[in-house]
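What follows is a set of structures to go through.
Next, two complexes with chain A in common: one pairs it with chain B, the other with chain C.
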Partner chain A sequence: MSQQKPVVGESEAVTLLLTFLSYKVFLAYGVFIYSEGLNASWIIPLINTLLGLLGVLLLISLLSKFPGQDLVKIGEVLSGPYLNMLFVLFYLFIFLLSGGLVLRLAAERMAVGFFVDTPISLTTFFFIAGALVVSYLGLEAVARTARFLLGILIITAMAMVIFTIPFWQFHALYPLWGSGPWGLLKGAIKNSGDYVQILFLGVIYPFIPRDRLKAIGIKSVLFASFFMFLYILVPLLIFTYPSVTELAMPSIEMARIINLGRFGQRLEVIFLPVWVFSNLITLSIALYASAAVFARAFKLNDYRPFVLSSAVFILVIASLPENVSQAIYYHYKYLTQYSLSALALILLILHSVAWIRGKEESKG
Partner chain B sequence: MPNWKNYASLFLYHRPREQPSVFASGLEDHISDEQPAETPRLFRRQKGKTSSGRRKPRRPRQVGAKTAIEKKFHLELAADQAIDRLLSDKTGLAYSLNDNREVLAKIFRVPKNKDTVLRSLSLASDPPVKALLVFIDGITDSLLQNLAILQPLMLLSGLREQAGKQNQNIFELVKEALLPNNQIAVVTNFNKAVEDILNGNSVLFIDGYNQALSLETRNWPNRGVSPPQIEAVIRGPQEAFTEQLRINIALVRKTIRQASLVTEFVQTGATATLQCAVTYMDDLANPELVQEVKRRLGSIKADFIQETGMLEQMIEDAPFYPAPQVLVSERPDRVAAALMEGKVAVFINGNPFAVIVPATFFTLMQSPEDAYVRWPFGTFTRLIRYAALFLALLLPAHYVAIVAFHQEFIPTDLLLAITGARERVPFPSIVEVLIMELSFVLLREAGLRIPGTVGTTLGIVGALILGQAAVAANIVSPILIIVVAVTAIGTFTIPDYTFSLSIRVLRFAYILLATVMGLLGILVGVFIHLGLLVSLKSFGVPFMAPVAPVTRKGYDYFLRGQVWQQEKRPDYLDPLKIRRQPLISRRWLYPHRAEDKSDKS
Partner chain C sequence: MKQTVFLLLVLLLTLPLASCYDYSEPDEKAWVLAIGMDKGKENKLTVTTIIAVPKNIAGAGGGGEGGGGGGGQETFFSVSLEVPSLLSALELLDAVVDRRPDLSHTAWFVFSRELAEEGIEAYFAPLARFYQFRRSANIIICEEQAQEFLSRGKPILEDNVSKYYQLQQQAYQYTEFIPNDTLHQFYIKSKSPGVAAMAPLAALKKEKPINNGAPSPRPETDIPKGEYQAGQLPRQGSGEIEVMGAAVFRQGWMVGTLNGDELGAARMLEGTLKQTIKDIPDPAQPDTYLIAMVKPRQKPQIKVDIGPDYPQISIELKFEGDLLSVQSGINYEEPHMLHIAEQAITQSLQEDINKYLAKSQQLGTDVAGLGLSAKKNFRTWPEWEAYDWESKYPLASINVNVDYRLRRIGLLHETVPLR
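Right, the complex of A and B next:
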């Protein structure tokens, strides 16, 4: 197994995509969804699942035409180097922005919850250092670390939900249709970018079992959508609408209210590993993905020289927002809103070119 | 004058170094070589569809289909199966001595196997008759062989005169009159001959006879072999290896009496060469693993290597990683169990330890006794051991993090107790912890070097200094004494000595991380630590297998399953035979299903 080309198994690939898609549930997920869906905000992730599935199927159909080739290379084959450079910039934009905003939001969360007197730059440094080492070790290291920690992440995430059951108020779900079907659909389309990170599948495609491509893509979206649905529904049940719209990070508030008798209070420390590990894995993925895209765009075999430069980009992006509210807003504006549509547009262009060239080829 | 160029090179880009891949199949993440070529399928028909565009029905998986390993090593497997058939069919001996020699050489993997001796001799008859004495070196009495077998047959028999006088049956004559052994049996088939040889007898074959004589020469090493010092158990064999290479191999052979147990000798080093014995099961161990072990051993060029610890440093995959990559054992039963899984053991002449490769995290956390007690207790002990690992590695760091950063995380009553205990201590928590941890390391080191007769004095001094005086002098808090004591106990619970050493050192790294950034520091440390461990490999096998990467898991990696459930060998080793026992191994439960299909699988 000491080979140059990394190999990632099905469960590892699903874990990577699941973590990369659902990292937001532990950060500021739902802040804008609640104001769009009102009492029925829980329906928005369900509609989003369909959009996510459509996006991933579009990507899978393109990838499966080019066995063993990643999205950057496919783009170059189909659209040529100049147009492909624009696509590459979009991919980099998604990965670097995801990494930068995760870093900022995670550091803000630590500063607010646990390190009130510590400078945020030190927290940021610790996060980026951890992710840098693991992403430098390679895709196998990132995938296997994520797979190793998956059990802890899922158990802790579910425990956070289960321990809050005594606080659930089902009347919070009424009126059932919230802002109405059209409002919900509009909200779902607006938030469809929650699934744009599925793009990572196009980067790791050469290293995963090719015959499991479809299963990997679909499973990842479905598992991620389950957690997105849960982490929209549960805060709504606990805090009810409209109080829930005032929470910047609903999951931290969920952890804070858990109370298991006299000894079992202030249990948010139990959930600290899930927050830290999920953010570290996401950062590692973002670092690896952006370095890999850089390497392939420059036609280099080794991604490692770009890991440090990607880390610098991510640190710069993390420093751009003036405060946590701005970071949340940037995440919503540049990632959550419509970014899946942009990806779909790229995929459709590539599909069309492939179709036209295929037709010409068959005529020839 | 330091060589700054060397330091500067640490910050420069290095092209990744490619190492030979040892294992590739069996892992979940294996991308098969049979995958379609990497050409775009854009202009070709979609895979899985017929010419009419309909989807092809999925082909059912063939029962008994060959695995990648079976395909790759089909010649070796065919040879092994032929030997198994020959033995199980109780094939009779041949009249020709050469034929018998050839078959025996195949059964005992000679000349690869250096344990088995095929000694040719000529009986002192007229004309001389060729004979062959077969035995296993190390488990037979060579003096007895010389005096009671070879000397009478070759020098003192007077066969020449007797054979000239009368047309006598030489086989009968040898059996009745020439061999002064106390026990002699006539052997007519290979199965019995091999069984006797493996039990320490010497078997004499005479040209022209389809029979052989099994002569009592066994000399198993027992008593005089001391009990284990480091890997002591309550149940199980109480024997440990010695400094004699031959005795060590004989101790393993005493447990595994199989002809396929092969010992090869490899010379290691340059100036003072060292004799290493590479031991493995020829019908189980992956030939590529064996080859890789021999390659690494044979290619070492060093003046002086005399200990397994030095050898370990020369053959390990990643010298800078914080975990041992080989398993070192002093127990013959543990080595035998590892060999039966498909691993390879290396012995060094003059050293009472065996190096077992490859090693994984889960094997380093196992003790031989886990298998010797009933499964609930074995499982419970393992769980306790993992808890101990957590405490040994992270408890002092958590103490520092909570005292320095996260006081709100612990319940109020406990917080008051800790604060009250620390009230009179003038140091910050990090200083307090480092004082105690370093004192403990000092005590441990002194305890190793101190003569046994004054050992108890050190215990008293240590207990007084650490336990009482330090608290009374307000240098440390009583709670910290508990933390350090629990940490020390946790460290001693880790079964592998080298692994526990690495945990001891890493503990300080975690303490420093906790000092700087509290629990976040610890968690980031754990993440990096895990990242390093999952990318670590021992002789090509991922260190964290079968969890990362995910492979087919048996019932004996994290918890300890029942013995009858452990039907397969660890697949991350890619052994030649994956099945250890049939699906129904407790036949007495199903007497009517004796000929079960599971045997065939």
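Right, the complex of A and C next:
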């Protein structure tokens, strides 16, 4: 964190968080949600929105007690260097794993439907090279790039939904309760980690307008939840349960099924750049965030020496899964499942320490 | 120096933009436009591929008798291979075709009836998984061997056989006799409880022309046009292929067929019918016909009550249309006569629907998807699955109400008799 003055505006901060939270919708999002909620899986993202809001409010209330300080520094002040090191490892785990699995899944998506003869290592190299350049240039570069592409991302993401309307079958929503209220709640809790990337707000807090912290956090979660909801609901309406559970990457199938007459077919190549942009921005964010956390943990002002090392970590993580199934499973097991609970636990510990200290100070 | 190195690096990075590994030229590919599958003679399957000959499609335009296109040149050729699975054929094709086969423009997957009756689940599974296939393609069931069906199925109006396949199937928009189910619908219906899958039924035209070409007495009663299905059409001329009616499936096995009228009724109940033309015996002179256009006025209203033993289904169907012809010359166009014509059309539609329902219950296949309305009665998916609609549907009590309104009477407002 080489700079300590606000350099990222509200809309840019929202864009960064929105992209980082909702990158999943263009990858294997929903694969495990459909098995939990069955034909009512669309309810799960709605419940998750509440969990995401709770998480972000918990983070915001902690950050607002320490104006201008990031989560790593706050943790060190409240819990000391040793316990904080455990927290830092968790933050790194989230950022590096997000980056690694985005890289692998994005490359797998290219290999499965577009560049079938190209070695996946080459695709991976180009992804990481692009992200490396952007993240090396700093948070401003990542934020401006993300903000510049946001319009294209939203328009094409919505176009993909709108073009599939002729395929929607509303009977797919019945029976309304799918796996039942308990099944849906269980599914939502198991997938609550879809919002763990709000952690990034704790990293960029020193660079965003302090008075807009709450608005940025809430808007990001709400916008991201809208896309997560849409990209669970629409495949469900098109492919219906139980066929929808078979899809490895529902968004690819959504694009492939668009059929606007004899000449309006095979449109996925139009959406391909959107997926690539989204994944590149996500990867840049993950790279920057990991490097920034490393820098803060080692009490250095410049994050840049850590960008390359973070990239190596991300490449290693991307190479760990032996196949695409394992990559999807790792994403679910280590990121989607319960990781938000772990973050909430850390935030609660920090809140408790802050509360106890506050009480002691007031007594003193 | 630094700048030169940077520039060189940037230039080097632009090289892969030309796409080195996935480079492909359209004129180096063999575009497979249809795939046929039969029970194998020397292996599990006989897979027939129809491959476009682009140079003849591009150069077509002249007259000539050549199959499948103008200019007297073949616009496609077929290759049949004995293989253990559908995708094995893709690799074996490399041994006999100089260009690399590509399946991404395959419009028809044709299964022979013989194979479909033994179950096609194992064969259509790769159609959803393999990236080159598209869910917008069609599954066709042909009465004959798919090999013969595809090889003889040459277009007359089109140079491009792919366009012929697509346009032939798109006729579902103008007739009730062809289902509009693509591979996508076929696939999801095959896997969903509450609805059965169906596929267009096709056949080659009869070897012998109508009545063997000899004059014969007309049958005592006229045969409604929808009584036929593919392979039975009394016709002379046009191409070899005819598509009419549907093959219906239960758990991946073909269990029967629907003729044109039965399929039309199923599509009315399903809500996918766009328009059709009905010939209805004139109520005043039954040896003449009233001919009317039928279009849906609103979506079918289907209510299903889950009784203790069997479901009770009530259906409201509302149609409208134009009076196209009155052979008897009776002035049904007059406002006080219109309802007589409407009633006759309503009754005819009702009869067709009842016939279809009786047949579908007998086959135990709910291709119209009445079960999809039954789902609303259940709270959760496990409860719905436990109800086992497929076993209850044949016992269901079904009550259908049809309402047809004539909206237009064409360009004449009355018929003056011939003198």
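Keep this in mind: the second predicted complex is superposed on the first by the 358 of 364 C-alpha atoms of A that agree within 3 Å, B and C clash if a C-alpha of one lies under 4 Å from a C-alpha of the other, contacts with A are read in each partner's own complex, and residues count from 1 in each chain.
Keep this in mind: contacts are C-beta pairs under 8 Å (C-beta built on N, C-alpha and C of every residue); 3 or more make two chains touch, one makes a residue touch a chain.
The model shown is predicted, which means the values in this text are computed figures rather than measured ones.
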Check whether A:Arg147 is in contact with chain B, with chain C, with both or with neither, and answer first, second, both or neither.
first
Who touches more of chain A, chain B or chain C?
B
State whether A:Phe298 touches chain B only (first), chain C only (second), both chains, or neither.
neither
Should A:Gly9 be classified as contacting the first partner (chain B), the second (chain C), both, or neither?
first
Once chain A of both complexes is superposed, is A:Pro242 in touch with chain B (first), chain C (second), both, or neither?
second
First (chain B), second (chain C), both or neither: which does A:Gln265 touch?
both
Does chain B (first) or chain C (second) touch A:Phe115, or do both, or does neither?
both
Touching A:Gly180, do we find chain B (first), chain C (second), both, or neither?
second
Chain C-contacting residues of chain A that also contact chain B:
114-115, 118, 122, 126, 262, 265-266
Can you list the residues on chain B that touch chain A in the complex?
13, 15-16, 18-24, 27-31, 35-36, 38-43, 317, 405-406, 408-409, 411, 516-521, 523-524, 527-528, 530-532, 534-535, 537, 540-542, 544, 547-550
Sites on chain C touched by chain A in the complex
16, 19-22, 104, 128, 131, 134-136, 163, 166, 184, 187-188, 191-192, 369, 372-373, 375-376, 378-384
Going by the contact rule set out above, which residues of chain A touch chain B in the complex?
1-4, 7-12, 64-69, 77, 110, 114-115, 118, 122-123, 126-127, 129-130, 133-134, 137-138, 140-142, 144-145, 147-149, 207-210, 262-263, 265-266, 269, 272-273, 276-277, 280, 284, 302, 304-305, 354, 357-358, 361-362
Under the stated contact criterion, what part of chain A meets chain C in this complex?
38-40, 112-119, 122, 126, 167, 171, 174-180, 183, 239-243, 246, 253, 256-257, 259, 262, 265-266
